[in-house]
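So, here come the structures, one by one.
You will see two complexes here that share chain A, one where it goes with chain B and one where it goes with chain C.
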Partner chain A sequence: RARPDPRSSCVFVVRKDQDIYIQTLRKLFNESHGIFIGLQRSEEEFAGKSRKTQLVQVSKNYRSVIRACMEDMHQAAVSARDPALHSQYSTQVSILSAMELIWNLCEILFVEAAVAGPLLLRLLDWVRLHVCDVDNMVREVLSSENPSKHELFWNVVDVFVLQGRMDEARHLLSKEASANPTSVNMCRILDDLMKKMPVPSLGNTQTLTEMELKWQHWHEECQRYLQDGTFASNSHMESICKILLGDENAILEKKELMTTWYHFLVTRLLYSHPTVKPMELRFYAQSSMDLFLGGESSPEPLDTILMAAFEFELHQVIKECSIALSNWWFVAHLTDLLDHCKLLQSHNLYFGSNMREFLLLEYASGLFSHYSLWQLGVDYFDHCPEYGRVYLELHIERIPLNTEQKALKVLRICEQRQMHEQVRSICKIMAMKALRNNRLGSALSWSIRAKDAAFATLISDRFLKDYCEKGCFSDLDLIDNLGPSMLLSDRLTFLGKYREFHRLYGEKRFSEAAKLLLMLMTAHIAPCSFWMTLLTDALPLLEQKEVIFSAEQTYELMRCLEDLTAGKSDKQKFQDDDVETMKVEMLRLALARNLARVIVKEGTLEGS
Partner chain B sequence: DGTSCVSVCARCLAKSDGVISIQDNRISIWSVGDLGNVGLNGEYQGEPQLLCDIRHNGDVMDMQTLSANQRWEKAHYHVDRDASCGGAACTGVICSNPEIVTVGEDGRINLFRADQKDAVRTIDNADSSTLHAVTFLRTTEILTVNSIGQLKIWDLRQQRNEPSQIFSLTGDRVPLHCVDRHPNQQHIVATGGQDGMLSIWDIRQGTMPVSLLNAHEAEMWEVHFHPSNPDHLFTCSEDGSLWHWDTSTSVSEKPSFLHQGGRSTTYFSHNTINQSVVSAWLSNDPTKDRMEITNLIPNQTLSVNSLDILGPCLVYGTDAEAIYVNRHLFA
Partner chain C sequence: GDWHCTASWKTHSGSVWRVTWAHPEFGQVLASCSFDRTAAVWEEIVGESNDKLRGQSHWVKRTTLVDSRTSVTDVKFAPKHIGLMLATCSADGVVRIYEAPDVMNLSQWSLQHEISCKLSCSCISWNPSSSRAHSPMIAVGSDDNSPNILAKVQIYEYSENTRKYAKAEALMTVTDPVHDIAFAPNLGRSFHILAVATKDVRIFTLKPLRKELTSSGGLTKFEIHIAAQFDNHNSQVWRVSWNITGTVLASSGDDGCVRLWKANYMDNWKCTGILKGNGSPVNGSSQQGIFNASLGSANTSLQNSLNGSSAGRYFFPPLDSPRAGSRWSSHAQLLPPPPLIEHSCDADTANLQYPHPRRRCVSRPLNLLPENEGV
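Moving on to the complex of A and B:
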């Protein structure tokens, strides 16, 4: 995404978006498409709380799709034998994991907009779900025969405390108590403190002030025990008590067990300010990150994004994510969701459309370069009110149409959206291809679909040309069964009728054939270029033993012949070869003879 | 799944609980597992296991299974035809062990045998337009439909390269995309068109369809009579719906569907031209023939490209690159 500098002359290496070709990610694109469509279609019938619940559910659905994809990708990484592939998949897994982390936080802060109280609980869940580096250690200790004797025992207790998992911590403490009689008393007290720790409730069982009051009392009690030196003989338990008191240094000592600054942030909040309000998060977040990183390392892109979220800088979050991620999927869907939460001001970008639309357009355009995912892109364009249609019109014409079925799908999309020009253009392309492959029936079928009279004329001319060259019709199954489509173009009608003439002649229904033949010329259905052929076709009818053409008809025929020859300039007549002149001569003779016979026949009185 | 699912085949569902699918031009056979894991509305809860996998050159448009011993013929019999400028898509395949018939965009009909490498017979330029689908009428006769709305019967015993009969739609020659024959009454044929219309033909008489039923809003990609319960017909379409047509008139037999979500049913009475009264499909008694039509897909989005049924199992694939298996169709 480098901005080209007009002053420098560089060569840009343009690379296709690779992500759409990764097998496992396609599930992500497909499933999220379904969720996206569901969201757009869900009317805002519900207001207030139920709408919010609905939106939270959508957010959860998106996240579960990300997680499912992560699983698949993980499996793929594990089973990949090629090291390059393995590393590619592993990278993808961590990217997906980061995406889910960010999305989850955004869900808590923006979609659900958790208030003080539940906010902390949600953040605790968030941390527990995403900081799993310690899971192995936990499993190891818990599954050992004598957990309290395990060297990592206290680490695990610390982990539980840091994550606010009091019950599990207390369970382990009881093991320590039973194994170590000397510390029974301390364990009991610590256990008691943990049990009594007030936590915000999700329901309306207590107000914030009540909770704060209780918490203050509890905090003081812990303070007393610490100052009394109750835990002095056991450094582990003393440090746990300090953590319970929210002692930053004590918490920071357990850096390796928390692994991230946001874990530190949540732990800090849990033990120093559990009723934190959303708007207060930013201060704690910034200081937590500073304390945790301690100047040793600088923040990574993920850290910046999370920080922006804690600061409630939505646009910053989206911007940072766009920069950090290699494809638009994440930002497009997240922004769309946030837009539905009515959180994005119509932030007009300099080319006029808003942020949500811009991102969706970029994402969908990326999909169009894929041979199969382009269909998803169509729906995304549909939901971009300003530029979606234009983008769709431009993209849909450029989809390579290697099979008819694909062309049919594209056409259906165009027809549903009244994109008549695109329909015509695509049908023309397909008809031309068919014509080149000598599939005249297919070509006609495409012209009928587009109601393209000009092309139908072209096809008919081809048929007629074939007839003139070979002396018989190809593809009779088509011409004999034109039906109402015959009326699409004059030339096509002529073709159908001309074939009918041949059929009538073949069935020896001469007078009908004769009438038809004449009508073809007099009604000007036949093109002038073909009149000679038609007149030549009339010859056998004129030569029949029985008189077929009436006087009237013969006059008409003669007139047609004269029109034809008169139309030719002298130069043409001179260039006409012998065959041509002979034909005309023969016709004149035959017509004259027929006229003679018919005059006699018609002049003769019947019977007597 | 990997690519738009263009064709599914449920042939082995009863025997090995398997489904064949397309994945990135790979033909894959999946095991859908045992019945123990089935959820409330018949949706399978576990993950399908991939049994085996073959690569194929080009889009796979159609597929069939061959023998009852679960021997799947491989892609090399699925021929890419040679038109004047390269390959043409093969649009349909049907087999009746050991014979395989294929048709394609080049208007050609090929006849293969499972044990012979080369085509036994080829009818070049059998049709001037694209042949969209083929099915067996009798062991020596096949039915084809094309893109100018014609249904043709070909007698393979005869050496001439002409169809023995041609049927066409009245009115506009709308392309026909799929065809299926009634399993027991071989004169009853159903076709689906580009305008989503379902046509029922009686090929013993006339050259026009017996009934025309306005069905889907877009191309009907596949139509199938239920093989053992032919009063039931299934159609799927580009408009994303899959319809179950039920003409069984006995009340006690009427299946009810536990399918979640919308269940839209319409009661239809036939408009028939013909007087044949044998099958429910051809019947014209307005008091008796009430047909129940149900859309089996609650939240339709993208096209349903293919479906297959065997016993109580329905399997279908969509353009959202997903395959759905419903094992309790008549629950």
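Moving on to the complex of A and C:
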């Protein structure tokens, strides 16, 4: 066993996922929380097609939240002075961008479940959004004196063609035509081909078969022009024609402009199989990746995830994402959405909904380590039917209750969910804390809230003890306004009533006060230990000019006094100090005097 | 978020082995146990306001438990639903259970039970389950070093019939000295999970079988399984501790590392992180943040070194071998993630727009999303 190093006699506090606390990410968590809750609550409002539209909208909302976060993070990166911080933010942006890329693809393939036809259009949009920005290049080329003379001119044309942006490609071609008379003919033909290229439609304007037929004709036409050598004198245009024909090699030559195998995939599909069916994607995807990477490099995690998506291996997608990302935010929300699309309940996945729940539990548990984000976690637990409640119970007990407000917030959450044990426990903890700090009022209100009779009794005793010592009550407001909670414990009831007695006395409502005082003893609400104090309190009432206690009441008082003194043995009486004995004597005298007066008063006829 | 020492006092006349908190429902209460054969209960007293300003607090000893004749090696409070109770164990093999009948009076503790374990005890753990189906239960570990094959982990259970604790189970497969032991939080399971720190890390599941009323005092019989065993510390494992939900186990060993373990969907436990003594992760092994991008480098070898002998990343089982109904089936695996994207190294930082998640080391700005995506 190693000898302890005296230098290392410290305790290290280690935290996981510190990055959660970045302000920019907090916004992501907050906003996605709103979307999540909305989704849970929207359950079966709609059915069929409109349900799908609704779910696609939810997916878009999530993505827009990711993008907003990316923007903020980007701003943070730009304005960060510290290079380490800058690097951290930049990394986050990269990762967010990857997440949005993956989510977008999942939306197309799983949530929207685009069918052959629209599928290609969606994929084209996807690629256009996530490929390198050509606007700089375009602007540069277009704003130059002679665009077609710009060295990047054909690059830009190629990019447009590769992304299926025909109109823009044709626009540039026209510039080439006007600048270069020799190529006018070729430009016209190419322009014509581009114009006529059949694309799948979103609406019902044509069936797939119709489209395929048209496409076949068009493809043949392109083929003829190529074979005739129409474009032979211009290598750029010839290569474009080959691309239009879906020539893999021609497309692959433009690797640098596509930069990713999935761009290559979509371009390939556009020009060789635009009516691709979802289930056919996997073959094209695998071969595209192989061709593009060409054995130079092996797939990276992002590639694996995208490939799994193209293969419609949902399970694999989630697994790979879970591995790649150390926080559960992404997979938790995506899986939940997919579950709502009823994609996880396939009989092949034995743990379909369990997986959703597990990821949500993990994500929400992580939130509980944050001083304010834990509130979001509560809602996530609420929507985990199997373990959500017990996870919530365990986590909520551990939230540090540094302030009353926080304790009240936590309590409200527990009360709303009928988590009685947690309510009781939290109130007890707060009551103990208050008691230790001698804040009796606070301790009492916590005990009342916990419905903890035993503790309420204890605190009431402390109040009474304080009163005996100091002659006054603390926390009068609280005691005055106990209301029905006074009934929680006998001692508490007594405390409340005793205070009421004092109030009545202060308001000079003496006969009411007297009645109450007596009742406290005769109804045995007052503990025996307190009777002496009560009787002493009766003294000023007995000494009033006006007679307050009736004869019957006086007899009662006398009996109480006798009960009290009779209880003591002779030995005790002997040991009682002089003050005690004197008090008793004074009481006896006062009582006797009162009795005398009241007999006379009651004996006298009224009103004469 | 800074930590500072609010109190420090010398009291025991020998090394203090362990310290433990009572549930905050009982106030600010600690218990300590020591080589000096005593255990003590402490309460924090709210002191003068001056002290509070200086961040100092006062602790008062409420009671000293002197029944042990040898070093007291562990002290643990019972779960709060049992009341204000604590258990101690000693080097001479005696486990004592004390109770404070009046929770407001911490000076009055009475010895309720004395259990003789026959082997020198090193650690105890109360079963935290508050389920009515589970009687109070304590696991006791022994670090007895003499060469024998006696079980070094014993489970004692309280029997309503006899009003006593009796031995319910002994883990026969644990024959090396045990340094620490810990029940996991329950989560409403019917079975229990127990972690043992010995020459390696072991996790047992104890499934109660139907109570046989005919057997000794109606004690539960258990079906014991070993859920996991890890020798990654490659040395004595000294402490084990569970997280709040009993889903992550932390272990510390003589290799100077803290390791974190988590179970996946199919009850397979894997390492999810390694920390050095000063809390820093071992070579990007633990999650560095929500969006981790451990910069480049071959992480496959790292993962292999993490998992020791266990191969690869089989979190989710192959679909053709389902195991439905397992309580752990909803747990997936956490492993240090490989880099999601290659960090663009020669990006011009001034021009940095949204780096694209691409394999090439080229940084080009990402298309800004137009207002209406048109999708």
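The rule we apply is simple: the second predicted complex is superposed on the first by the 453 of 608 C-alpha atoms of A that agree within 3 Å, B and C clash if a C-alpha of one lies under 4 Å from a C-alpha of the other, contacts with A are read in each partner's own complex, and residues count from 1 in each chain.
Here is the rule we go by: a contact is a pair of C-beta atoms (placed from the backbone, for glycine too) under 8 Å apart; a residue touches a chain by one contact, two chains touch by 3 or more.
Because the structure is predicted, anything quoted here is derived from the model rather than measured.
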{"item": "Partner chain(s) touched by A:379 [first = chain B, second = chain C, both, neither]", "value": "first"}
{"item": "Partner chain in contact with A:82 - chain B first, chain C second, else both or neither", "value": "neither"}
{"item": "Partner chain(s) touched by A:145 [first = chain B, second = chain C, both, neither]", "value": "neither"}
{"item": "Of chain C and chain B, partner touching more chain A residues", "value": "C"}
{"item": "Which superposed partner A:167 touches (first chain B, second chain C, both, neither)", "value": "neither"}
{"item": "Contacts of A:577 with chain B and chain C, given as first, second, both or neither", "value": "neither"}
{"item": "Touching partner for A:436 - first (chain B), second (chain C), both, neither", "value": "both"}
{"item": "Doubly contacted chain A residues - partners chain C and chain B", "value": "436-438"}
{"item": "Chain A - residues contacting chain C, complex", "value": "1-2, 8, 11-14, 16-20, 25, 60, 67, 70, 74, 77-78, 86, 90-98, 101, 122, 125, 128-133, 135-136, 259-260, 297, 300-303, 315, 319, 322-327, 329, 348-351, 354-355, 357-359, 361-362, 365, 386-387, 390-391, 394-395, 398, 425, 428-429, 432-433, 436-438, 458"}
{"item": "Chain B partner contacts - residues on chain A that touch it in the complex", "value": "23, 26-27, 30, 33-34, 37-38, 372, 375-376, 379, 402-405, 408-409, 412, 416, 436-442, 444-445, 448, 474-475, 477-478, 481-485"}
{"item": "Chain B residues within the chain A interface of the complex", "value": "1-4, 6, 24, 59, 61, 83-85, 88-89, 91, 105-107, 127-130, 146-150, 152, 163, 166, 168-173, 175, 194, 218-219, 238, 299, 301-303, 319-322"}
{"item": "Of chain C, residues touching chain A in the complex", "value": "3, 24-28, 44-46, 80, 104, 185, 187-188, 236, 244-245, 247, 254, 256, 265, 275, 277-279, 286-293, 313, 315-316, 319, 322-324, 329-344, 347, 349, 352-360, 362, 364-369, 373-375"}
